[in-house]
Every structure is written in C-alpha cells, then in structure tokens.
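Okay, so chain A shows up in both of these, paired with chain B first and chain C after.
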Partner chain A sequence: MHALRTAVLKFKQRFKPKQNATITRLKRRKAAVSLFTRHLTHLMIILLAVGYLWLLILPSSRLGRGTYMDENALQPAQVNTYWNWGDVNAADRYLEQLESLRDSNATSHQRSQFLKNEFLKLGLASATQKYSFISNQGDIHGSNAYAILASPRGPRNEAMVISASWLSRSGEGNGTLNLRGVSTVLALARFLQNYSLWAKDIIFVISDGYLDGMHAWLKVYHETQQSNLDAEPLELASGVIWTALNIDYPGHSFSHLGLFFEGLNGRLPNQDLLNSVQRIARYTGQVPVTVYDHLDWRDSSKQSSEPSFLPSSLRHNSEVKEFTYRARNLIRNFGYQAKGRASGVHGLYHQFRIDAITIFAVPATGPHGFHALGRIVESSLRTMNNLLERLHASFFFYLLTTPDRFMKIGNYLPSAVLISVAMIFRGLRCWVDAGWKLNQRIKDDGDSSSDVITWTRRKRHVLHVLTIMLVTHSLGAAIFLSIQSSLFLNNQMFFVPLITLATSLVPFVISRVSDPRDEGSAPIWLVLKALNLCSASTVISTITVLNFSLAALLAVTLGLSLSFSGPSHSKLLSLTKYILYVFLALGWLFFYVETREAIWQWEILSVWFAPFVCLVYTPLLLQAGTVCILSS
Partner chain B sequence: MPPSTSGLNAAALALVATRIVAALFSPENVLKRDQLLSTPLSSYTQLREGIFLFKHNIDPYSGGTFRHSPLLLALFSTILPNSRTFASLLWTAFDLLGAWALVSIWRARQNVSHTSRDILVAASYLLNPYVFLPTLALSSSSFQSSLTLLSVKYAAEGNASLALFLLAILLHIDLSTFILLPPVLLLLITGPRSHLASPHALAANLLRIIPHFSRYLLYTGILAIVSTSITGGTRWISQTWGATLTLPDLTPNTGLWWYFFTEMFDHFRPFFLMVFTLHLSIYAIPMCIKFQYDPLYATFLLLGVLGTFKAYPTLSDPGLFLSALALFPEVYPYLRHQMVTALLHLHAALLMPLFNYLWLSTGTGNANFFYASTLVFACANGAALIDAIWAGLRIAIGEEKEGYMVVQE
Partner chain C sequence: MRLALCWFFLFLVGCSGVYGHEEYFNENLKISSLQDGRVSTTFSFETILKGVPPRDPRLLNAPDSSQHYIVFPLALGQILREYAVTELHLTLNAGSWNYERWGYPEESGVGTGAELWAWMGAGAPMSIDDRWQGLRNALAGLFCASLGTLDEQRTTSPTHSYFPHGILPSWNGSSAHELRHGSMPSEHVCTENLTPFLKLLPCKSLSGIASLLNPHRIFDADWHGLGIHVLWSGESGIKVRLSFQGVMDPLRPSISQKRDWSLESLFGRSIERSCPAANSSNIYVTLPSEAYNISPEPSKIVGQLASYDILGDKSFNVAMKWPRSFQYSPSYETSVPISVVRTLRGATQASGKLSLVISNHRSTPQSLVYLETMPWLVQFQLHTLHARVDGRIRDDVISNISYMAPVPHSRPATFQAELRLAPRSVTHLTMDVDKAFLRYTEHPPDAQRGWDLPPAVLIPILSDTEDNHTRSSNRQRLGQPIYTSTLLVDVATPDFSMPYNVIIFTCSLIAFIFGSVFNLLTRKFVVIGPDQPPEK
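And then the complex of A and B:
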C-alpha cells in the first residue's frame, strides 16, 4: 500500500511543474535556440554537402520516372499516315532544285523568290520577307519565305508552324545547309493540302540564316518592336500559333531522330509535345529517338564516352555507361539552358508562348530518309491538330535525362535550394556575429575567480556597406556597357586586360577610401560578407524557377567560394584570395569568342545571360574579393 | 558635426531631381498594366476610361469597370490633360507632397522646426521602390498614400478641420481607411510627441473626440452629397465602397483576398467577406487602447495592418508603412529581426514579378505560383508589423538587466 502511494506521488511529482510554467517554457525555448546556433556550422556543412551530392547524382538512373502523355486530346501515333513514296520522290525533286540553287551561289533574295514561287505553284498563299539586323558585330541581311495553308474546316484563328532554316543547327549555323529539311517542308506543303482534316492553319516558314531569319519573322508576326531590326511587314497573316515543329536534316540520311528543345533564356516547351513526337517516331516512323545527337550507349558502336581515368572494369559496367550517357545529356542541357541559348531554331518560338521543338535527323549512312521523316511529321501534325487549348497539362519544368525518362521539378530543385539555404544561414550567422561583441572578464570574488561572459551590442554600418555593394554593381553595369561597344569588340585582346586591371583596382580604392569604423562597431568586412551571402542566396533561390541550370551553376560557383571569403592574418594570403575572387569574377572576359557570342545573343535575341553575368555574378564575387582585403 | 544647411538643401534638390527624371523617363506603358502596382480600384487605364465616359455623358458607374471615387473623377476630369508627361509629373508631385508631409510629421513629433535627419526621412519615402513604382505606373494608390500622410500631418499639428476633411476624402477613395479614424481622433486630442518610453493612461478627456467625430461625419456626408451630385445618382456607392466590401473584381494583386475568393464556393462568399472585413477592422480599437499614450505609433501600426490585410492593396500600401518607420528611430534598437524581415521583403519583391510573369506571360507557371509569392509578401509585411509592435512595447521596459529576460507572453 505504502509502495503504491510513493509510486503515485513520484508519478505526480514527475508531471507537476517544478517551477513556474513560463520559466520552464522560456528555458526550453532558450535551450532549443542555443542547440540550433551551436550546431549551425554542422547544419550548414550538411546542407552544402547534400546539395552538392544531389547535383552530382542527378543523372542517376534511380532518380526520375518515365515520361507519359498528359493531354488526352493529343492521341499521338493513333492515325494512319498517307505520306508515301510519291511524296518522297517530290521531296527528292525539290532537293535537286535546291542543290542547283546552292551550286549557282544564289543570293538569299533569289532563294526566297524561288521558294515563294514553288509554294505559289502548289496553290498556296505565299510571300517573302526581307529583314536586316544592325549589330556591332556585323549587320545581317536575309530574306524569308513563307506560305499559309488555310484551314479547310476551322475559323482560321489558330495555327501551327512547320519550319526549316536555311542553315542547319549542326555546327550552330556555321554554314552546314539544311537542304533536306527545306525540301521536306516543300514536299509536305504539296502533300498536306490534299487533306481536308486540318482544323488549324498550317504555316510553312523557310527562314534564312540560322536563328536570325526566324527571329525576324516571329518578331514581325507578333508585332513586337526591336530597335536594331528592320524588317518588311508580313503580307499574309494567320491566327495564334500554338505549336511549331522545326525540321533539321543536314545529312543525306539518318539513323536516329534527335530532339532539341531548349529555348531562349532557359524556356522549355511543354513536355507533351516532346512525348508525342517521341512516341510517334517510335511507333509510326519506327525510328529510334535520342536526346540531342547523343546516341544511346547501347546503339553506338563507336568508342565509349566514359572518362578514361576510370579503370576498364568500371568503364564497361552498364551502370556506369548508363550514368555517363545521362550525365552527357544533362551537361548538354545545362550548357544550353544556363547560357540562355536556344539549341535550335525552335527556341525562338518560346518567347511568344508557342511550344516548339526541333526534330534533328542525326546524320548517318542509313537507314532512314524522307519516307520516315515525312510520316513522323504528318502524324505529329495530326496530333497537334487535335489540340483544343494550348498545351498546358504536362510539365514545363523538367530535366530530360533520356528520351523517355525525366525528372520532375521536385526531384532536382532542392539541390540548388539547399545550397542557397546554407548560404543564407552563413550570411545570417555573420550578421549576428557582426552585431554582438563578446566580453570576457575575470570575476574575482575573494576565494575563487571565474570567467564571466557578457555580450554587448555593436553598431553595424549598413549604409556604408550598401554603398560598397552599389559601387560594385555600378562597376558591373559599366563593364556591361563597355563590352558592347564596337571599340571593345574590335580590340578585345587589348581591352580585356585593361578592364580586368581597372576593375580589380576599385576594391582596393574602396578599402582605402573610407573606413568609418569607430571603436566598438562591427568590422565592415563582416557586415559586407553577411549581406553578400544573403543577396547571393536570394539570387540563386529565385533563379531556380526561371532557369534551373543557371541557378545550379551559380550554386556551384558561389556556394563554397562566397562562404570562405574573409581577411586572413597574413597580408599575402588575403591578397591571394582576392586575386582568386577577381579571377572568378572576371575570368570569363578572356573567353573572347564566348563573350562575343553572348553579347550577340543579347543584342539580337535579348538573351539576358550577358547582362546577368555583368550585373549580378561579377559584382557578387567582387564583393567577396573586397571582403578579403578590408581590414579585419 | 551636423551637415550644413546648404548641403541638406542640395541633397533635397538631388532627391527631387531624381524623382522628376525618373518620372520623365519611366516606361509607364509597361508599368501601368502591372498587377503589383495598380488594382482595378486604382488603375490609371480605368481612370482614363471613366473620365472618357463621364465627358461623353455616360454614367461611368453603370458598367462594371470604373471603381474610382466620384471625387477623383471630378478632380481628374478637370485637371488631367492628355499629356502623359504632365500626368507623370503630377503623380510625382503627389509623392513630393507626401514626403513633405512625412517630414512635417517627423518635425512635429520632435517638436523642432528642422533637424538634420529631415533629408533621411524624405529619402525613405521618395526612394522607397514600393512607393515610387506605383507612382511611375500612375496608380491612384500613391495619391491615397499622400492624402494619408497629409491627414496625419495636420492631425499631428493640431489642425483638426483639415485633418478630418482629408480623412473624409480618403474614406471616399478607399473605404478600408476607416480604421485610421480612431488613432487620428486620439492624435487630435493628445499630440504627436513620443511617449513610447513612458507609457501612461490617456491624459485627455475621451469625450473631446465627440465634436471631432461629428465633424468627420459631417464632412463625409457633405462629400457623399457632392459625389452624388457629380454623378447624378447613387450608383457610385455600390461601385466604389461596395467593391471594397464585396470584391467583385478578382484581378490578382499583392493582397490576400483575391485568391481566397477565386477558390471560394459561392454560398460561403458573403460569410467570408464579412470575416475578412471584420478582421481588418478588429485591429483599430485594441491598437488605440494599447498605444493610447502615443496615437501616432498606433496610426503607424494600423498602416501596416492596411498594407497587409486590405482588400485591393498595391505595393504603395506596405511601402507607406515601411517609409513611416523612419519616424520612429527610438524603437530601432528594440527591433528583433530586421534582417529576416528585410530578406523576406527582398525575396517577395523578386518573386512576385517573376511568378506573375511565369503565370501570365510565359504560361509556364500558374496562379498558385503567384499566390505563393504573395504569401511570402504577406509574411514579410507581417514580420515587419509584429516586430514594430514588439519594439514599440519593449522600449518602455528599458535596458535589459543581467539575469533577466524580457519576453512577450
């Protein structure tokens, strides 16, 4: 009995608050906060490690899932196709004429006149459009030809486009001609008008040049102004364009069809379009599909692309082969997307909310030709013809690792976001450290002496630091303005070292000019570092939804490097760190060709990669450099 | 050493010049359609449409698009010319007026004729992107902010009739500003001086607000009669005040209402409209009771409530709250999480236009994207408001003693 009573008492004791409930709660809260702050460094390391690892394992075959059709209206590969050998013959005849045009060195005006006449002979409404772009890197002139097949059974307020550019995307428009692509479009124009099932207008566009012709045509079609573009207005008009297919067929036959889908500024088309064409090619055309022109490792007999540093036993492992194949696809994707480049002519459509892809006939000695390609395009058009509303059901954010597997946004986005979270934690840590000063004094009360730790507030000179940040961003703007000038572009070798030197001196001036630090206020470098990390993290996490590849690239370059900025005890070490940061910030200037290309893309196609690098990336690293040389 | 007067004048001139240059070279055509900068109740395009109809003897309130107050209609159909440049300058002039009012409030609070901080206070208003972007978009919400500041200025200076008259106009432009009435009335019977550090019960006799209140009612009534005679009918009531209460136009904006009511089943709508409106008004009296010793601070906090919770907010509503923070430097040391608030605002300010663009321009996102970013914005505004309340109360307790902790329970 007694034992029971004591047990009950003990039990009661256990649950009765020993102290005031408020105090207990406060203590608990304090303990939780101190646990968090004590382990903050570990947490940051874990977040960074997980983020970087996640980026590394993105190509793994264990991540992601198979593609699937989301829009039920599309019904890909469900129709009989009528494209036949007669049409192939017509395509061959067109090809012969185009080849003779090529051999006679016809001007672009003559070419477009020829194309217009061919369309007119078919009974289609057709016209040409001359255009010219004015650029510091040389003006561009050209002439597009286009024709419109009026929808026999629709109100003519919607349209789809079949296009081919005169230059092929292979070699990024270095002169490889897309003659077979153009003849496919001509033969399709001849063939498609025999059928009365089109509910949308079909527009055939043969654009001049590589990207420039189609850009001019689309700009004028959508009545948007561009100051450096001078183009004739379009004589013929149609409705809203929903989808577009661009045909690129540079070789004389092909083994695979490659899908190119990246658009300007990292835009991707709706995945349903890719999935439809992929299914149609596989089931109707019986042509294997790849992403880009990368052949699947099972298909390619060529030497393996696995890195040579791996031991041969690993290199022949199918898992490793699969991983390398997927990694190559992703790296290609990152290369296009991060720089905001279009991987083909289709990429220009996306800015007008048109879902478009390029079907690229991977050059090979066989076995496919016009016959397969025509059937695939015919069937794809039938699928696009089924649409009742814009493509919206499937994904706009995805990473396509293989033609039939992809990753959803939730599977890849956290990698970059985790890194940015680690950076913002580090920034907030620096901010708190800047605001408080640790005072340690020995308290002597007679017999025993003990350390007493107190914290006192310090003033942070935020306005001063914001001025420094503003100066670096204005410096970025100045760099951006200067590299666009023709003076710079003509004398890159001379100006790049000059700009680099001039820019790298500015942080020194900043660090010398003013240090408003009075006794007991926080060191400037710590506040600058805090704000630098926080703003970099904000940039990364907001860019993730706009252009994941760019965000991932920023997370990789800025994540670790900005976290380690700070003055060192030795002057020499600080200086070395500073030089490293300046190298990271301005090293891109020394890639002459890439810089020119990026500026061209900005001038003509409004790709904001170049201004972004100048106005955001470079200043952020310059700030980190300034952190290193400010007095500690 | 205080900066010289000429230096301050130069800085002030530079500020004004910056704003005028910005007004002259702003891309209004892009900005005026921006959903963050103007709502159906404050959009310039709709105002122009209303004026057009009005001038052609068509009742602008008979359609469903024009929701500006008849007072604005009368004002702008007389002074608004067709020149874009003039409109931009006019809107910038409103902002300058607002900045001047803010500086006057600051001086009245300090009870001095001028201070070296004046220019900072003015800059906090004129250079606040939340304030000047709606102005560049010619949204009438910036007109509203200036009116609010002017009304508070006259209340702080003891000029009851002007303060109440401006407040009555404000009520006609935006019904939700009625929650500013109690603190402004208190401000008229006490004063603008800072008593945050020494709280005390209301010294003045509360009955003294009755004449002020009746005056306010009188002004409101007169303005209502004027409005009715301008438009020749009472249809404006349901189109302007009614819009704030019944939310007929669900065009997206930075606030919390539109998404909630797009998702709402129709038979719950009246109930939740009542809940949202009541929720907005529920803050006015408690704030006034708690800060009865410093009604200017209560006014400031209620501006924060408006910026977060009102029906058709633009960026200038939270912008007004953030700029008004410059009036209370004494609470700065007691703010707990300025950096977190600032970062939330930075994220929201980047995400809102981005997600709006992804949803409506590129079509790759959807409404949920933009709604999520407005939630981030609401968190940012909420964080600022809560921190301001905390700091305003905390300052009364003074320096923290060793071994003690000040908490809010």
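And then the complex of A and C:
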C-alpha cells in the first residue's frame, strides 16, 4: 500500500508544473498557435489533398454499407400478389387503344377525355385538368387526367399516388411515349378496386407532357400559386399524399427495373421507399434492379464501359469494373443533384413532402413485361398502404452507389467540408497577412549582429473590397436577368460573346478606377482574396447539407482555383490567369442548350441552379479574377 | 327447446305484469340498391320503454328507483340514469359517406369516426360537464371505444345546428337542457365495438335480423357504421334505437359484373330463426325501377318498397337478381341538394388554407347552416373568410356568423354560419388557418401522422320563415345534415425517433455557449510577461 502511494506521488511529481500554472498554459498555447501557423500552408495542402482524394474514392466498394429497411410498418414483399394474366390482357387492350390514339394524332385534350372515360367506365370518380405555362421559351399547354379510388372504410384524408406521364423520361423527355406506363396505370385502376384492403385513397394521374403536366397538377392540388401557371382547379379532392410511385415503361419489354429518385433542387426521397421497391422487385417480381438505367457490370448483356486508356489487364480486373460501375452511378447522381434537376416525374413531388420514385422499365428485348411490373407495383402499393405515419425513419441524405449499397452522410460529407476548411484557412491567412507587415532589419549592437523581427499593423480597406464584391454580385444578377429575356434566348449566339466581353471588362474598370491605397495599408488584392475565400468556403460548407453534389462540384471548381489566385510579377501571366478565371466564371454561357434548359427549369419548376450559378458561382470567380489583375 | 321458449314467454308476461311498464322490441332491415351498383343495408333495433320518463337531474343524489328491464338494455339504462341523460346519440362510423352516389343515408349520423352528443338537464348537484365526462367514460367502457378522449379539448355545444330529436321534459316548469357534442375522427370502428353492441340486443346475434351481423362480412363493406340513439318521446316513453348501416359492393366478388345479391351473399348467412322477444321483425327491400327478379315474392309491396314479415318464420333468405350485367354510368343523379368538397391545403407546417367547394344542384336558392368544430391546434383567421362564386368575392353568401374562439390547450373553436347558395352555382369558401406549435408532450404516439380533424356539417334549411332560432324551431327548420370528409393536418413535429440525439445536441450546445460566455464575463485578463513572476 505504501509502495503504491509513493509511486503515485512520484508520478505526480514528475508531471507537476515547474513554474506557475498560468504561465505554463500561456506558453503552451503560444507554442501550439505558432506551430499551427508555421505549418498552416502544409496543413492546407494536406486538407485539400485529403478532400480531393476522398471525393475520388467515393465510389470505392470499401466505403458504404448495405441498405436496410428502417420503418417496420412497411413489410415489403410480404404479401401474396393477385395480379395475373387476365390483368396483363387488360393492359394489352388498353395499350391497343392508346396506340390507336397515338396513330390518329389525338390532341392532348382528346387523350385526357379518353382516359377520363376509361376511368369512369371502371366506376371511379375521374376528371381532367387543363393547364398552360407561360414561358419565354414557348408556352406549354396540356391536359391531365386523373381518377380517385376511394378507399373502402377509409376516412379519405390520406392518399397515395400512382402516376405515369405521357412522355417517358428516356432521353429526359425527348418525345418517347410512355404508352405502356399509361396502360399499366389504367389496368391497375381496373385491378386494384377489386380489393377492399386499401386504407388510403389511390389517386391515378396520367399527366400530360413530361414534367409540366404533373407540376401543374401538384401545384393545384396543394393550392400553391405560380404566376406563370394557369390551370383549372381540380374537381376531385382527396387527402394528404405521403408516397407516390411513377411508372415509366417506354420500351416493348424490359430486362431490369431502374430506380430514379433525384428530385428538384437536390431533394431525395426517404430511402425506405427505394429499399422497399428494390426488395419487392427482387423477391416478388424476380426482376433485377439497377440504379438508373446502368446495367451491372456482371450482367452479360452489358457493354464494357471501362475507360479505354487503361491497360487491358486492369480493364478486366473486377475491382476496376466495380469501381467504374459505381463511379458511373455517382456521376449520374451528381449530374442530376448538382443541377437541381429531377431525374423523372417523381422529382416534382418532393417539394410537397411526398416521397416518390420512378420505376423505369429499362428497354430490352425481354424477358419481363406487364406481368412482372404489375405484380411489383401491386406489392409496392400494399407496402405503401401499410404506412401509419409519414416516412420519417431511415435516410433522407445518402449516396446510392448500387441498388443495395449506399453511403451515409458521415461517409461522404467530410470530403467537401475538408476542402472548404482548407479554403477558409487560406482566407484567414490572407486576412492576417493583409493586416500585419513583417519588418526585418539587422540590428547591430557592437560585437554581434542579429535579425530583429517586428510586425507592424496595416490598414485593411474592407469597405472598398466589399464594394468590389457587391459590384460582382450585382453583375451576376444583371447576367441572370438578361439571360432570362426572350431577346437573349432567341439570339444566344450573338449575346453570349457580348455578355462575356462586357462582363470581363468590368474587373478591369474596377482595378483602374479606384485604388485608395495609401502608403502602409494592405494591398487591396490580398483583402479581396481573403474575403473571397472565406465567403466561398462558407457557401460550400452550407450547401453540403442542402445539396451535397452541388457542394462537391463547387469544392472541385473553386477549391484549388480560388486558393491560388493572386497577381504575378509578369503582367502577361496575370492577364492569362485572369482570362482563365473569366473562362471558368462565364464558360457555361457557351453551352447554349444547357443554359436554355437551366433557365426553363427555373421559370417553370423553380429550380435554383441557374440563379445560384449567376448570383454566387460567377461572382466568386470574377472576384478571383479581379484579384489577379489588381496591382500588387 | 320449445318448452324453454314457453317458459321464457311466461317469464316475460310475468315480469311485465309485476313491474308495470310495457317494453317493446321492434327490429327491421332495409336493403336498397344504389346507383353505383352498391347495396345499402340498414339495421334498426328499437326498444321502447313505455311510460317511463328520463331521470330528473335534480334528484341525482336521491336513490334511484330500481331498474328491472326485460328487453331494454340494462347496461345502457344504468348509464343513462346514473348521469341523468335525457337524449343521447352515439355513432361510430368507418369511411366517408358518398352523398353524390349514395344519396342521403337512412341514419343521418354518418360523420367519420366517433360522434357523441347528448342533451342533459340542468340543476343537478353534479355539473353538466362532470356528468358529460362520466358519460363519456362509461360509454367508452361499454363500447370499447376511445370516447374517453373526447375531453374538453374536443367538446363543443353547437346549439344552432343540433336539435333534440325527442322531447326534452320539463321538471317543475324548467326545461333547461344543455347540449354537449364531441367527435373523434380518428376512431377506428371494428369487431371490438360490435360485440358490446350486439350484447345490448335481447336476442344478441343468435336469432332474428341481428343474426345477419356477421363481422367477417360487414367489416369488409365499403362503409359501415354503428349508432345508438336514446330519446324520450313523451307519452310513448323512452326509445332506444340501435342501428347498423353498411354499404356493400356485390360487384367486387362478381365475375360477370352483375349486382345480384342475397342475404347469403351479403352477410354470408341467412336468417335461421326469428327473435322470440321481438314484437315485429321486418325486412324491407327497395325495388329498382328497371327489370329485376326478387325471390321469394314479397308479402306486401307499398310503392317501391317490398316488405317481408319474418316473425315466426323458420328460416329466411331474400335474393335479388338482374338479368343484365351492370354498367357504371358516367354521371349520377343525386337526391342530395348540395355536394361539398372540403380540403385543407398548404405546403408549410405553420399555416394552411381551409377551402370548401359547395355546389348547389337545385334550380332554387338553398340556405344552409355550416358548422365547423375545430380543435385549437388549427386556428381560423376569420378575416380571411371569403365566399367566391365564379371567381368573384360575394358578401351576401355568409350571414349569421357565430364563433366561439378556441382556447389553446383546452377548448376547441365552434364556428357556425348560414350560407345562401345561388341556384345551380358553385361556391368556394376559403379561409386561412394557423397551425399551432404543440408542446412536445401533446403529440400523439404516431406523431408523424398528423392530426385528424373532425368533419364539418352542412344542414340545409328547409323553411326560412321563422326567425327565432330556438331549439324547437330548429327541428322544423333544419333538414338532414351532410357531413364532409375529415381532414389530416401536419403540424410541426420534432423527430421523436432520435430524442437522445436531440437532447444531447441541445444540451451540448447550451453548455458550450454558456461555458464560453460565463468564462468571458467572469475572467479577469492580465498581461503577464513569460519571465515575470506572477503577482500574488
């Protein structure tokens, strides 16, 4: 016992501060801060490298985990399905009628009347809704048809939607008709009302067009105003919609079912819905499921998609194949989510807190058809019917790498956050450098000479810099307003170079017009760079939780480029850098089709990608460009 | 068996002689085919306790006269006398009645879920609200329904829209009666409610018409509802009517799209024997206007109504057949003067918009009483109440508004108004509502589901001559009520699935902020050189 006590005492003695505790702590803190600042550049480089590397290895099969059902009420694939060949026959009959409608070039009004009559013949309450959108890129008119199956013994305050748009999502709504999807919905309407087990109303919606019809229907259903939408009110009403399924079946038969889930502005549906449909397709329908229309590399029918620059030994490596497959899925996801686009009609539901996905029948020569699809949808509806509450368990933030594996938010979020942390470190470094000037002189005191380092405060012209930033953001707003006008949209080839030129001149004017720099104050470019980096970093880290793909895209484009902005010794080099920044900031204008599409999405569907690019992305890069041409 | 029956009858006769009041039990079943191929069935079991008045509430403390009944349900009678209830209506319904296709129901109380309303005399030693609470709890126990939750947060007294169906007695000249009304839209009605309901019948479900109440079939209906109505009709005494309504779909199991039905096909049973306690036992079938075939031949046909007297019959089954298969028609003739669609929309969790679309199908103007009872968590913005006809705001539609504001966490709102609809018009009523922010303990266990809101009631005004809207005048003035469907409202809901995370996050944040702020406020900052000794 005594030995133990002496041992403890010795131990304490050893760690007991030799001096006053406060001083030691202050010293320790000072040492830590100095270590941190001395190695800040290294730290920044490490953070950037880790962030970019993390983004690169996101598709790795080592990351992520298997999907699982979180909501116990759903019970997917636990029911016997009754959809049978008689119902397949009914779907075929509907398809024949729809094909004759297509061949007779029926107007959308005639189509919706036909659909309404078919629903009425089944004894369902049905109606049509005409709508029109006014847009600078041409007005859109159409007519939706919908029917409501009142749930037996149900209080009529809950509903689930099963929908098909007239145009398929294949080619992002380029005109392929979704006739089989529509006939599936009609045949389902006929079939589902033979069962008294529905606890919620089932709403069948056949929307006109690709995205426009459903958007008009949903807007009116939820009584939200949109100034450029003129739509008839809905005659029939049902309750709160929790879940919806959209059916897309453009081909003759299908081999796989593809899941599409990205919604407007990067919203995702609850993962439980995806997981249920995936399980149902696998166990009830015996149909393989893919993410999007990307077939698994193990699938024999699948063409090799590995990049050709790889040596063939690598190309046939299963790890590489797996990585490429996952990378394709993620890139597709990033493409939709970053641009805020919906990957199908389902994406319109998410803004009203409705969890929805599109089941896409990947066109193939076989082996599956109405029989498998009907059973899968029936079983999925039974699962949705089981819901007692809105889907709230499971995940709303995920990256789906394969149909049955996903990444949790904690596994992918740090990549973008690390890059934004590196940026803010760099920004703060610039801020400090701008405020303090290092004076080094040699002090000679007789026998020895030594360096004496003193720091002097410098004035930072923050207001001036903020004005520059404000000008660039207003410039972005001006660009945004001008590209929406019909004048621009009709003469894109003429106006784009004009806008680019005009915009690129503004920073020159800024750099020449005013330089309040008096002797002893910080260079303007340094303060501008500091504020630019800090604001960019804040934007990225805020966006990560709203729309990770957009944040990752920003981190990739802004992370390195903003960090290395700055005037060079040679004027030519500065100018080259400036041109590069302007190209990064405004290069997107030259993608004529993409720009038009983004503006259309903003006008009709309120996707904020276009305003975001104009008001945030472009100004940030213009500021970086200005940094390069400001006199050092 | 026969001997036992004889003894039973002897006992009946003996009892009625001893206790001096007569009791009658009448049962009937009405079956009619609806326009959309469905079949409506209405069971009605009426017990009359002749010559007995309701209990005088002023004598509640005095010992009650002994209750000896023969066919009158004792369990119900005890509750009525215990709380001195003069008139009582309880309905338990599942589904939303489709007025446009099915017309008016036989039993008018078809609001989704549970609805309970009672008239009780004043002047008792116990307050009316205490008696109402006791009544709720007693009925909840009797019918295995969650009526106990119809507490003060759901209780209203909408006297403009409800009137007594019987006579309210006056004790010593005072006939002060008060109405208490509560509805519970999220109540699910099923077997556990039917079993106690059947127990109140003299023959249970063993014989007579009640034997058709086969839970497997009636709870598979498109709509079903139980009702218990107690009223006093003066001379003829206290009437207790137990009713069951169901809307069945004979087309669903039919392969040939025929709407043929029989008792056997509707209920999975036929009547094996009649109820010996019944004074009358009839089955009425509404005959359709097109070609049909009914068997057996009805004993009596009055107008479109065929009737069968099944008292004394050994076994009975009735079947209706149509020669042709059924075609759904694109539109339906409706006997109800108006149709109404009520919705609550709005994408946010803080506010919404209540809207009613009321169509007047008649070519004459129609006046209505509009009653909305709303739990406090949805608060009306009355100044935004507008009526639009053809898109134009009209001021002459809404009149006589009476509004009792809600009290947060306790009392619901009662909104009553009179509407005047132009002939063949569609009127849009809209009103903005605020959704309350609930205390976390006030959320129901399935918080993410939202809250069920009770149906609104629209009552056509038959004659607008009388101006004094007293209770007795309401009876002549008001027609059969029309219930709208219920609503589901989302209020802001915390994520109850991760309470620990939430608590831990919040606590850490508070602790962190408090710690740093406290530290800054209380610490004294002194500059000390590293080689300078600290001041003691």
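Operating definition for what follows: the second predicted complex is superposed on the first by the 607 of 632 C-alpha atoms of A that agree within 3 Å, B and C clash if a C-alpha of one lies under 4 Å from a C-alpha of the other, contacts with A are read in each partner's own complex, and residues count from 1 in each chain.
We take it that contacts are C-beta pairs under 8 Å (C-beta built on N, C-alpha and C of every residue); 3 or more make two chains touch, one makes a residue touch a chain.
Note that the coordinates shown come from a computational prediction; the quantities given were computed from them, not determined experimentally.
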item: Partner chain(s) touched by A:Asn439 [first = chain B, second = chain C, both, neither]; value: neither
item: First, second, both or neither for A:Arg390, with chain B first and chain C second; value: both
item: Partner chain in contact with A:Ser631 - chain B first, chain C second, else both or neither; value: neither
item: Chain A residues touched by each partner, larger count belonging to chain B or chain C; value: C
item: First, second, both or neither for A:Val545, with chain B first and chain C second; value: first
item: Partner chain(s) touched by A:Thr6 [first = chain B, second = chain C, both, neither]; value: neither
item: Chain B versus chain C as contact partner of A:Arg153, first or second or both or neither; value: second
item: Partner chain(s) touched by A:Gly239 [first = chain B, second = chain C, both, neither]; value: second
item: Which superposed partner A:Thr224 touches (first chain B, second chain C, both, neither); value: second
item: Touching partner for A:Gly123 - first (chain B), second (chain C), both, neither; value: second
item: Chain B and chain C footprints on chain A, overlapping residues; value: 22, 26, 353, 390, 392
item: Chain A to chain B touching residues, read off their complex; value: 22, 26, 267-268, 350, 353, 390, 392, 396-397, 424, 428, 431, 454, 457, 530, 534-535, 538, 541-542, 545-546
item: In the complex with chain A, residue positions of chain B that touch it; value: 333, 339-340, 343, 346-347, 350-351, 354-355, 358, 361-365, 369, 402, 405, 407, 409
item: Chain A residues touching chain C - in the complex, by the definition given at the top; value: 20, 22-23, 26-27, 117, 120-123, 150, 152-158, 193-194, 196, 221-224, 233, 236-237, 239-240, 351-353, 388-390, 392-393
item: Touch list for chain C against partner chain A, complex; value: 36-37, 94-96, 98, 112-113, 185-186, 219-224, 249, 251-252, 327-328, 330, 341, 343, 345-347, 353, 355, 357, 446-450, 452, 485-488, 490, 495, 497, 528, 530, 533-534
